[in-house]
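Presented sequentially are two complexes of subunit A, the first with subunit B as partner and the second with subunit C.
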Partner chain A sequence: MKRDEWKTLGWATALLAVAALLPLTGDGYLISLGVSIAMYTVLATSWALFSGPTHYISLATAAFFGIGTYVMGSGIEVLPYWVLLPIAGLIGGVLAALVGLATLRLSGVYFVIFTLGLAEMTRQGVTWYQNQTGHKGTYVLTDLTDNDIYWQLLGLAALVYLVGWGIGRSRLGFALRIIGDDEDVARHVGINTALSKVALFVVSGAVAAIVGAIIAPRYVYIEPSTAFTPMLSFQVVIMALLGGTGRLWGPLVGVIPFTLLWEAISSSFPNQTTLLLGLSFLAIVYLLPGGFVGLYDRLKGRAAKRSAMA
Partner chain B sequence: MKRRTLFKVTTTLAATLVAGAAFAQDSIVVGAVAPKTGPLAGGAAVTHWPNIALWVEEVNERGGLNVGGEQRMLEVIEYDDQTNPSETIKAVQRLATQDDADIILAPYSTGLNLAAAPIFDKLGFPQITSSAATDQIGELTEQFNDMFFLLGRSTDLAEDAVEVLSDLREAGEIGNKVAMVNVADAFGIELAAVGKPALEAAGFEIVYETSYPLGTQDLSPIMKAAKAAEPDAFMAWSYPPDTFGLTEQAMIEELNVKAFYTAVATAFPSYGARFGAAAEGVMGIGGVNTASPEFQDYAARLEAATGSKPDYWAAGMMYASLQILEEAIETTGTLDMAEVTQYIKDNAFETVMGTIDFDDQNNNTAYWTVGQWQDGEFKGIKETGREGAVEPMVKTGWE
Partner chain C sequence: MDILITGLILGGTYALIALGLNLQYGVSRIMNLANGEMLVIGAFVAFTLFTVGQVSPLLTIFLVAPLAYVLNWLIYRIMLRPLVNRAKNRGMLEVDAILTTFGLSFVMVGIMIWAFGGDYFSYSYLARPIVIFGDNFGLNRVVAFLCAAVLCAGLFLWLNVSRAGMAIRAVAVSPENARLVGIDVPKLSARAFALGGAVTAVGGAVISTFLTLDASTGVMFTMKALIIVIMGGVGDVRGTILAALVLGIGETFVASVIDPGLTLVAAYALFILILLFRPQGFFGRKPT
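For the complex of A and B:
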């Protein structure tokens, strides 16, 4: 590794260590905000790993998240907690692979619509199964506190960053960037485009499922309507786009201000939350088309030009 | 925090107007979180929010709560959880740590109450749930000691409905053939999972059985098929939109059954308002003792104060939960929640729904399970220990 990379790694580790100290404040409110931020950071970053380079907008986050919560919900009575997390990831990954193989040959809007439908389809599948078996409510009663959930999400975030960093340096990452620029060119130079896309989709699917499994104990009672809420998919996309998908740290700088904005709106204007959020979306898209990453690059470019002229 | 200041101003104003020279003490901050948007907003607007408005208004008109000899006004802070459990948890945290709430009211619905249970437990607030129906009361209260249940076990709700049918059959009023449908979603599935074996155990013949997804618009094929099976009774473990939809289709198809049961929302005043005389004889989940003067008085006050009629199931229980909290605070004379919780566990309370006495699992074991529209009111016909149940009647057409 180059010196610069060591430096980045050092900074990242230091930031992670600071973030891990949050529960020591003992402030329940800060910790619950921290859980939200950590959860969306993991989801948005893993989403951007796939959607960033390929420009495929996936609205399937809720489907994988929901699968994860149900793996935890139905398994917690029979299997130990720690076994269920990798199982959730595995099932999420397998589902992503199947869906990816079937749909990633589609492009653009067809893929978006399919992924949106996927969450609803999985939800109906789970409901159908419950209805067939005469299910009586899914309860996840554990001793896990918000602190434990926060630390687990933080650990998962570290893992996602490592994977993302590794992919960025690998042949796979290079291939994906070419696919994003021009898929035909990529195919002509001999890149297996379908396989590369599926590989990344599997990563983001597996991660979202593990997040669902980690969050399940927090909900105590799992219902299809909350596990598969389509809002989640949209929020993840909006946060990732606010940050910018061009860099690994992009989604993080979207998630933090967005979560704080959401919090400020829902605490100050409890009766107009949805309206104000809609207006914020419009403002974000209009004023920050490339997200914070785009803004940063633009400012950096301008500064470079100025120093070149001087 | 403009809203809070405004509230303080209005409550202080009210205090000086009503209590005359009374010096305004520090007000008691009451935190409330429930859906104002999202799928459960409609239910919360009928069952949950109006009760809080009524309670706060009446207590403040009286000059506030008496806490250890001091009259203190109520100041309510409301949050919308968007029917999202994460938001419920965050809002409860916010109420406790940012708004320094003295009391936090239990949220709305089974799912949101259970999601909030760990945080209520950690913060040490009593959580008197009035809209959570579950079979896990024992397990839940063992883990969350400050959680209370008013609405009862879901198993009783379904089993009692079947029992009503059995009684009608024993009396020779209806035959043996039942058509049973359910909405394929959490509570609908749970009720059907209890109801079906109960019907079979009672010796009923299920001549038609199906389920439909949540949000199904066209229920006419279901009603047509049910009618073709020529049942004596029709049971639907349904949710608000389909409770209305199935009733409408039954009228269109002129489903000629002597017992017609739909589950959630049959007890809503809007059900009676929409179907009028056709609702006569329809049975559903819930019920109250409509003849009780306490309930009649409460219903009148609620309508006068908020313009909203109470539903005939959980609304009264929601108000009862506030009465319980009020009595516990005034009698113990403290806002120390551990003491208040202990008082709730140890005592019986007189409420608009009758006496409520929690058992050692913090469960109210006496509740209404089945009601029926009779003379324009949804009257309780089956209970687990309440007074005032009326005799069920046979449904005679849809006119």
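For the complex of A and C:
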């Protein structure tokens, strides 16, 4: 590793340590906000791992998240908690692989359309299955508190950052950047484009499922309409794009302001959240293409040019 | 037989909606994910005029069509044209268009909820039974189907016979070469986008005669229309109509034989089969 990288690692560890101290405040509202931010950070960062370099917009987050929640909900009576987390990840990953194999060979539009309905379709399937077997929802009763959930999510976030950093340095990361720039070129230099895309999509699907499993004890009672909220997919997309997908830390920069804004709007104007989502999408396209990361790079570029002139 | 006719009737109205989307995507190359909201707006106008002034929905469509045309033309000119100009390649335009039209769709839903509330709306128009081949069907459904069939046929003829229709098809096949024979591609793209929106809004007015809708149902129709367009092949009218009928029958079959809550699963099952075996659509040719 180079010196710069050691420095970044040091900063990241310090930030993580500070973030981990949050529950010590004992403020219930702050901790619950912290859980939301940690959750969205993990989801948006893992989303950006796949969608950042490839430019494929995935709206499947809610589906994977819901499946993770259901794995925890239906398994908690039978298996220990710690076993269920990797199982949730495994099932989410397998589902992502299947979806990816069916759609990622084709152009981006097919993928968007498919993932758009995936959460709704899974919800219909689960509801139908529950009606067949005759029970409505499931209880997840554990002695985990919000603090435990928060720390687990922080740990997962650290893991996602490490994985993302590793991918960025690997051949796979390099291949994905070429695919994002020009898929034909990538194919000509011998990259298996479909397989590379599927591999990354599996990572983001598995992570989203694990997040769902970790969050499940917080809901206590799980039913299809709470586990599969299509809104979640859109929130994640907006947060990631608002921050910018060009850097690993980009999504985090989008998650914090958007979560705060979302909390504020949904507590004072609960009916206007849809409008907020829509306006955010438009703002990203017209005002902030590239997100905060893009803005930062542009400003830095301008400053560099100015100092070069002087 | 019952399933077949109900499915055909449902598919007929789907065809109209999907044709609107196909015009937009096939000609102006914008995947319009706010298409379903245009449908809800059309339905809402029909609902309001019927409950306030007892205006027949079949007359309302003559008001809805020009309104939706203008609205969509403005959307294209103001919001989408800059994206078309800024995009360096088709992929970038696709991503931008998807995000923008998603944004638009949410904004429209938000405004409708804000202005009219999130309640379901429906009205009773021609809710009398009619007997076809010994089974009972709602007269409003049959009328809606006939209306959709007339419009589809009209659109098909117009696209195939008239000069403007030919120009539109030329742009759908190849925007670069269309320019060479003197077609004003940007102008025509805006018109095709506007026309597609108008067709969908009319579809909404027609569908409101027998379906209960609310402000946020648009996305379900967008999804179905997208699946139909891909099944039938982009820019292909015959394919779209066939695909819409297939989807209508498939959905009705699943709803009546297995469970009415599984219609989307049925649509997706069809979609996966198409993606795996014929991603270019029913009548499409394999890309070389």
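Throughout what follows, the second predicted complex is superposed on the first by the 288 of 310 C-alpha atoms of A that agree within 3 Å, B and C clash if a C-alpha of one lies under 4 Å from a C-alpha of the other, contacts with A are read in each partner's own complex, and residues count from 1 in each chain.
One rule holds in what follows: a contact is a pair of C-beta atoms (placed from the backbone, for glycine too) under 8 Å apart; a residue touches a chain by one contact, two chains touch by 3 or more.
In this text, all values refer to a predicted model and were calculated from it rather than measured experimentally.
Visitor: In the superposed arrangement, which partner chain does A:S36 touch: subunit B (first), subunit C (second), both, or neither?
Guide: first
Visitor: Quick check for you: in the superposed arrangement, does A:E223 touch first (subunit B), second (subunit C), both or neither?
Guide: After superposition on chain A, A:E223 lies in contact with subunit B alone.
Visitor: Quick check on the superposed pair: does A:T127 touch subunit B, subunit C, both, or neither? Answer first, second, both or neither.
Guide: Once the two structures are laid over each other on A, A:T127 reaches both partners.
Visitor: What is the contact status of A:T274 with respect to subunit B (first) and subunit C (second): first, second, both, or neither?
Guide: Both partners.
Visitor: Quick one: classify A:F234 as touching subunit B (first), subunit C (second), both or neither.
Guide: Only subunit C is touched by A:F234; subunit B is not.
Visitor: Taking the superposition as given, does A:V285 touch the first partner, subunit B, the second, subunit C, both, or neither?
Guide: In the superposition, A:V285 touches subunit C alone.
Visitor: Considering only touches as defined above, state whether A:A303 meets subunit B (first), subunit C (second), both or neither.
Guide: Neither subunit B nor subunit C is touched by A:A303.
Visitor: Touch check for A:I113: first (subunit B), second (subunit C), both, or neither?
Guide: Touch partner of A:I113: subunit C, not subunit B.
Visitor: In the overlaid three-chain picture, which partner chain does A:T145 touch, first (subunit B) or second (subunit C), both, or neither?
Guide: Once the two structures are laid over each other on A, A:T145 reaches subunit B alone.
Visitor: Under the contact definition given at the top, report the residues of subunit A touching subunit B in one complex and subunit C in the other.
Guide: After superposing on chain A, subunit A residues 124, 127-128, 131, 271, 274 contact both subunit B and subunit C.
Visitor: Where on subunit B does subunit A make contact in their complex?
Guide: Result: residues 1-3, 36-37, 39, 78-80, 82-87, 89-91, 93-94, 96-98, 110-111, 114-115, 117-119, 122-123, 134-136, 139-140, 143, 154, 182, 184-186, 189-190, 192-194, 196, 211, 213-214 of subunit B touch subunit A.
Visitor: Considering only the defined contacts, which subunit A positions touch subunit B in the complex?
Guide: Subunit A residues touching subunit B: 27-29, 31-33, 36, 124, 127-128, 130-131, 134-137, 139, 141, 145-146, 215, 218-221, 223-226, 229, 231, 263, 266-268, 270-271, 273-274.
Visitor: Contact residues on subunit A for subunit C in the complex?
Guide: 55, 57, 102-103, 105-110, 112-114, 116-117, 120-121, 124-125, 127-128, 131, 230, 234, 241, 271-272, 274-282, 284-286
Visitor: With touch defined as at the start, can you tell me which subunit C residues reach subunit A in the complex?
Guide: 31, 33, 82-83, 91-92, 94-96, 98-100, 102-111, 113-114, 118, 216, 219, 223, 226-227, 230, 259, 261-265, 267-268, 271-272, 275-276, 279
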